[in-house]
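Heads up, the thing below is written out as structure tokens.
Naming follows writing order (A, B, C and D), and every chain is counted from residue 1.
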Amino acid sequence: MAGNSFGTLFKLTTFGESHGEAIGGIIDGCPAGVKIDLEEVQREMQRRKPGQSAIVTQRKEADTVKFLSGIFEGKTTGTPIGFIIENADQRSKDYSHIKDVYRPSHADYTYDQKYGNRDYRGGGRSSARETACRVAAGAVAKQLIKDMKITAYTSAVGEINLEKDYKDLDLSEIEKNVVRCPDEETAAKMEAHIREIRSQGDTIGGVVECVIQNVPAGLGEPVFDKLHAKLGQAMLSINAVKGFEYGSGFKGATMRGSDHNDLFNEDGSTRTNYSGGIQGGISNGMDIYFRVAFKPVATLIQKQETIDTEGQKVEMQGKGRHDPCVVPRAVPIVEAMAALVMADFYLLNKTSKI
Amino acid sequence: MAGNSFGTLFKLTTFGESHGEAIGGIIDGCPAGVKIDLEEVQREMQRRKPGQSAIVTQRKEADTVKFLSGIFEGKTTGTPIGFIIENADQRSKDYSHIKDVYRPSHADYTYDQKYGNRDYRGGGRSSARETACRVAAGAVAKQLIKDMKITAYTSAVGEINLEKDYKDLDLSEIEKNVVRCPDEETAAKMEAHIREIRSQGDTIGGVVECVIQNVPAGLGEPVFDKLHAKLGQAMLSINAVKGFEYGSGFKGATMRGSDHNDLFNEDGSTRTNYSGGIQGGISNGMDIYFRVAFKPVATLIQKQETIDTEGQKVEMQGKGRHDPCVVPRAVPIVEAMAALVMADFYLLNKTSKI
Amino acid sequence: MAGNSFGTLFKLTTFGESHGEAIGGIIDGCPAGVKIDLEEVQREMQRRKPGQSAIVTQRKEADTVKFLSGIFEGKTTGTPIGFIIENADQRSKDYSHIKDVYRPSHADYTYDQKYGNRDYRGGGRSSARETACRVAAGAVAKQLIKDMKITAYTSAVGEINLEKDYKDLDLSEIEKNVVRCPDEETAAKMEAHIREIRSQGDTIGGVVECVIQNVPAGLGEPVFDKLHAKLGQAMLSINAVKGFEYGSGFKGATMRGSDHNDLFNEDGSTRTNYSGGIQGGISNGMDIYFRVAFKPVATLIQKQETIDTEGQKVEMQGKGRHDPCVVPRAVPIVEAMAALVMADFYLLNKTSKI
Amino acid sequence: MAGNSFGTLFKLTTFGESHGEAIGGIIDGCPAGVKIDLEEVQREMQRRKPGQSAIVTQRKEADTVKFLSGIFEGKTTGTPIGFIIENADQRSKDYSHIKDVYRPSHADYTYDQKYGNRDYRGGGRSSARETACRVAAGAVAKQLIKDMKITAYTSAVGEINLEKDYKDLDLSEIEKNVVRCPDEETAAKMEAHIREIRSQGDTIGGVVECVIQNVPAGLGEPVFDKLHAKLGQAMLSINAVKGFEYGSGFKGATMRGSDHNDLFNEDGSTRTNYSGGIQGGISNGMDIYFRVAFKPVATLIQKQETIDTEGQKVEMQGKGRHDPCVVPRAVPIVEAMAALVMADFYLLNKTSKI
């Protein structure tokens, strides 16, 4: 296994470089009989798509998912779901400026070290273009587990933090602004900040928070595949992610047990939820929530010193159409990965007891 | 797969409850010809062992690893390495006080929800007793990748933070104090804090930091099995872990690209290392470092309200010999999991190119 | 896992129904740096293709493999190799005669039992159309392990047996006749027999034999993944296969140890080769050879009684363009599956010892 | 993965050499709530055990399975089931006669080629001793799928064939004779033949047939994990197996489609069963039956020429207590492997449709 598959029963395998003819994937293990709303899939794709607003990259990609198998007369058949997403204009571009150069904090150097050669066109396999396949597959996964509600949103851009808890927010507001922050005032600040950063040719990091509601108790597998451990892997596998915490997270490390323990109500729910809906790696029926930290995009519209493949110092500058802040477009990707994890554990749990 | 295996090529599968006759595991995929120093394995076990100091649980367990196969005349043979670790006194204890009770923030409730029944003796499979197998297997993994140097240490206990960077610390000091903090002064404060917390029958969280040095470039597999994504899963799978960050981590989310990018030196090394030694999911030869947040242990020596398995309110109190702070004993577990991840990627990388 | 992947390190996952827009697959784990001759891939496809001779199905399919990723400037890059093969005319056909009917000895009934619904067009996922992906991937695998020589041929059609050992045959003759039997006289009899069977609207079974030469010693993994066990799974997974034997095979069951043991020459080779090049599940450097039994194709151009999906008796008759004998076209499929197995074990063996 | 695991959801991993302290395994993925009759497990062990009759090896091994986890108060808990089986007298033996010698048609040479060193004591990992773990795990699997009836028996010893179909036999007779052939007369001939072969210091091959009854329709996964493909892998992974066929098998290769097709009855059952209960890789509810060919045991009580590890010619002779014919003791092993396959597909099928 070379790392291009995710999941045990609901299993996604992807392929594709940013500048080949198409990228795509195969979902193996989706049960038969799931109604698939293809427009819903496409709506998710639009949320991730470049060019959707003034604060994201202005690249043009249609990002239309073409399903090639596994869906018949509107329902899954139990056979593998193959799909492709064509890359727009993949041949017309000029990559001579990066062919022999290692861009700072990109994967150019490490791919060359690992593989001895690389597809230098636009990042190749390491490009975030690959996440389009995750969103497509996640949209299918969401339809399998449609009783669960997965909602992500932007909770920080640089130093601008959304200081409210998810329970004090109206999550239906998320899509009403371009940064996908469900608090109008904070969203406006975030947007202004991103615009300013972009005007400087610079980039900025941020945080996505995600909540999963209506989760049945019992999902997750001990020991190594604890629910939060697989969520962590899933989130950390998204380009530019530097950290993951769930429930009380890093703040929990500062707390005392007498404050941190979630005492039970008589119905099995808990009064507090520092556990983040997961105990012993298994969902307890409370809301699952977690935070994902994204670093600033490495491509700057500024001159930077770097080296070429011969180890000589050179100067380079990114061209054109990159995201000043990856977070608004990362929101649907976080949801998609969460959906893949939950769909997999949902299926696995069908065999937990006789 | 029900989550009791970890790794693709260097693969550990474990079994065992805290109060059965023994726990154990199988390492499948360790190459032949690795010299195994059994005393070194046992030394790692001592670092995790209960009763090793006044600030950890005073339970008595010999924690002797008995290897049953796969090692012959001091070397691995390429066949699976089976091992067991006997549980001490597993029959003599009294669990009637927890048999029908769901302890707060433990896995009692979720295991019952998932499996319909559970081994209620001392936490069963969800007990941190299981991590003894990880330390044993990690000690074998370390001997396969002995050129890499994996060092973990306590960097926070509650609000007491070690404010220094790992490069400003003498990592050889770690084992000189019972909290495993390589700064004498901070260690003293941490120890005093743990003693105070314990005297109150309470518990406290903390943070372990880990550094991996002498890592060859090229380890890690795109896309879903990025090096940091598997490190994240590995760490989050340890009992009580709530968060994981590497390199710039959550702080990176507040930074600008022009500050965060790691510019190259001519030899391929970088001037800064916000990337944490990993770019595009693959090691770049710089130090890998990451932080792991642990929540406070849920077993308190205080009365707590909870419910029984019928949903009736009851009061309970933990008995005797639990850790007031899990962090000092978690240090070797973090190292062991890091060793398992690195050993696996080390083997996988042997097939990256012809 | 729902069975659409094969291999551990060199891993093929396929998708596609006979009458969707396209079928395809992803090869994950092929090392970087393998030169890929795309014309060679296409030549393998021609060997499997319908319509290639008068004795096979006259369906029209271009069977052009379109690689979408993982190959750059003529070499593999180490990233997943995605490919699709378009289905010809997939929309124009009429399946009303089989929509509600369970064809005898096909997978219609079992798919309905398993999945509750099925894509009834031309066999859907259970169609041998799917083997086109195996041939494409096998052609890539062959280029990774190009020092090994994998040769399959038709050794029986119905009662007509090629009575010679592979060592007494000129294997370069195989492609000189349409049945792919390297003995001119036997080939002529087989061809005549197939024509006769076809003229009766009937079908006939047969046997493919395969030889793998220049195999390095050491390939194969004990215990459950013995080289011959994975070869067996690979062959039995091909449509219509009913049996597999290697080395002395079923005849070996009648022999005495004193006759069957392969005595060593001083260079480690053996005087006889009843072991079929495999001892203890691991290649010993001698030729690997095995036989694969194919049943007669189930689609007849004759009236047959059967039942519909309501359990009512109906009469049906296959239409048009099926193979009277699957064996000539199965030859390249057997080779492809053998190549996938050998490529996987070749990579796995790189981690057997330090 | 180095081949010591079998199964996707009901997953067995084993370890152990013939002459270490113990062998053992871990079953991961058995659902919670399965009642486990430990005496039944031990009864299966007795059927495989050395020394059970005059015609098998007279080695002494208690073969007591000690379960260490995963079973609590008579039921599985859903956590991994670890077990060990101690080796008797493993230290007292003298292996100097085989230490530097490659025994013909054993795995000595291939293990050395693969691993560079080997545990030469009694075959090490390649010894059939390892199959004891399969029988133990198979006995657990049988209790999960207790509605299915798995019955194997000896159908050939050398040239002596049981010429009857399984439907014409009284399968309850199998355990009434030492060769495990359910036909008294044939059994007597087989036993006499084995005695004669043994008196000559020679060995003889044979065939085991197996029938699985009361199989629900829908088990098995297309494409690569067809039910018969995994049964084939399972059987071929047993020591000394050279061939596998199911349903019409190799004889099916000689038949015409008009004879071979299994016409439906109105209830979905079929009039004939050349398909062997499997169509398109999925069970159809009819009996599954297959045949497994075993070669003669390679250890002879005769002088044989061979080579030593330096490539020098030497003469050797097996010592003492080996099986003249492996087939009677292979019967429970075939059943155990069949049970593991069926248990795995039984669980996988729980996720085939919503």
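The rule is short, and it goes like this: a contact is a pair of C-beta atoms (placed from the backbone, for glycine too) under 8 Å apart; a residue touches a chain by one contact, two chains touch by 3 or more.
Just so it is clear, the model here is predicted, and its values are computed rather than measured.
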Selected pair, greater C-beta contact count between B-C and C-D: C-D
Of all chains, the one whose CA centroid lies most distant from that of chain C is B
Between chain A and chain C, what distance separates the C-alpha centroids? Give it in angstrom. 39
How many angstrom between the C-alpha centroids of chain D and chain C? 26
Mind checking the centre-to-centre distance between chain B and chain C? Centres are C-alpha means, answer in whole Å. 46
Where in chain A do residues touch two or more other chains at once? 1-5, 8-9, 14, 29, 32-33, 78-79, 111, 114-116, 125, 222, 352-353
In the complex, the residues of chain B that touch chain A are 1-6, 8, 14, 102, 104-107, 109-111, 113-116, 125-126, 130, 156, 158-159, 197, 202-207, 217-218, 220-226, 228-230, 232-237, 242-250, 252-258, 260-268, 270, 274-276, 278-285, 293-300, 302, 304-307, 311-313, 348-349, 352-353
Show me the residue ranges of chain B that touch chain C in the complex, using the header's touch definition. 9, 29, 31-34, 78-79, 144, 222, 347, 350-354
Chain C touches which residues of chain A in the complex? 1-5, 8-9, 11, 13-17, 20-26, 28-29, 32-33, 66, 68-70, 72-73, 75, 77-82, 84, 111, 114-119, 124-125
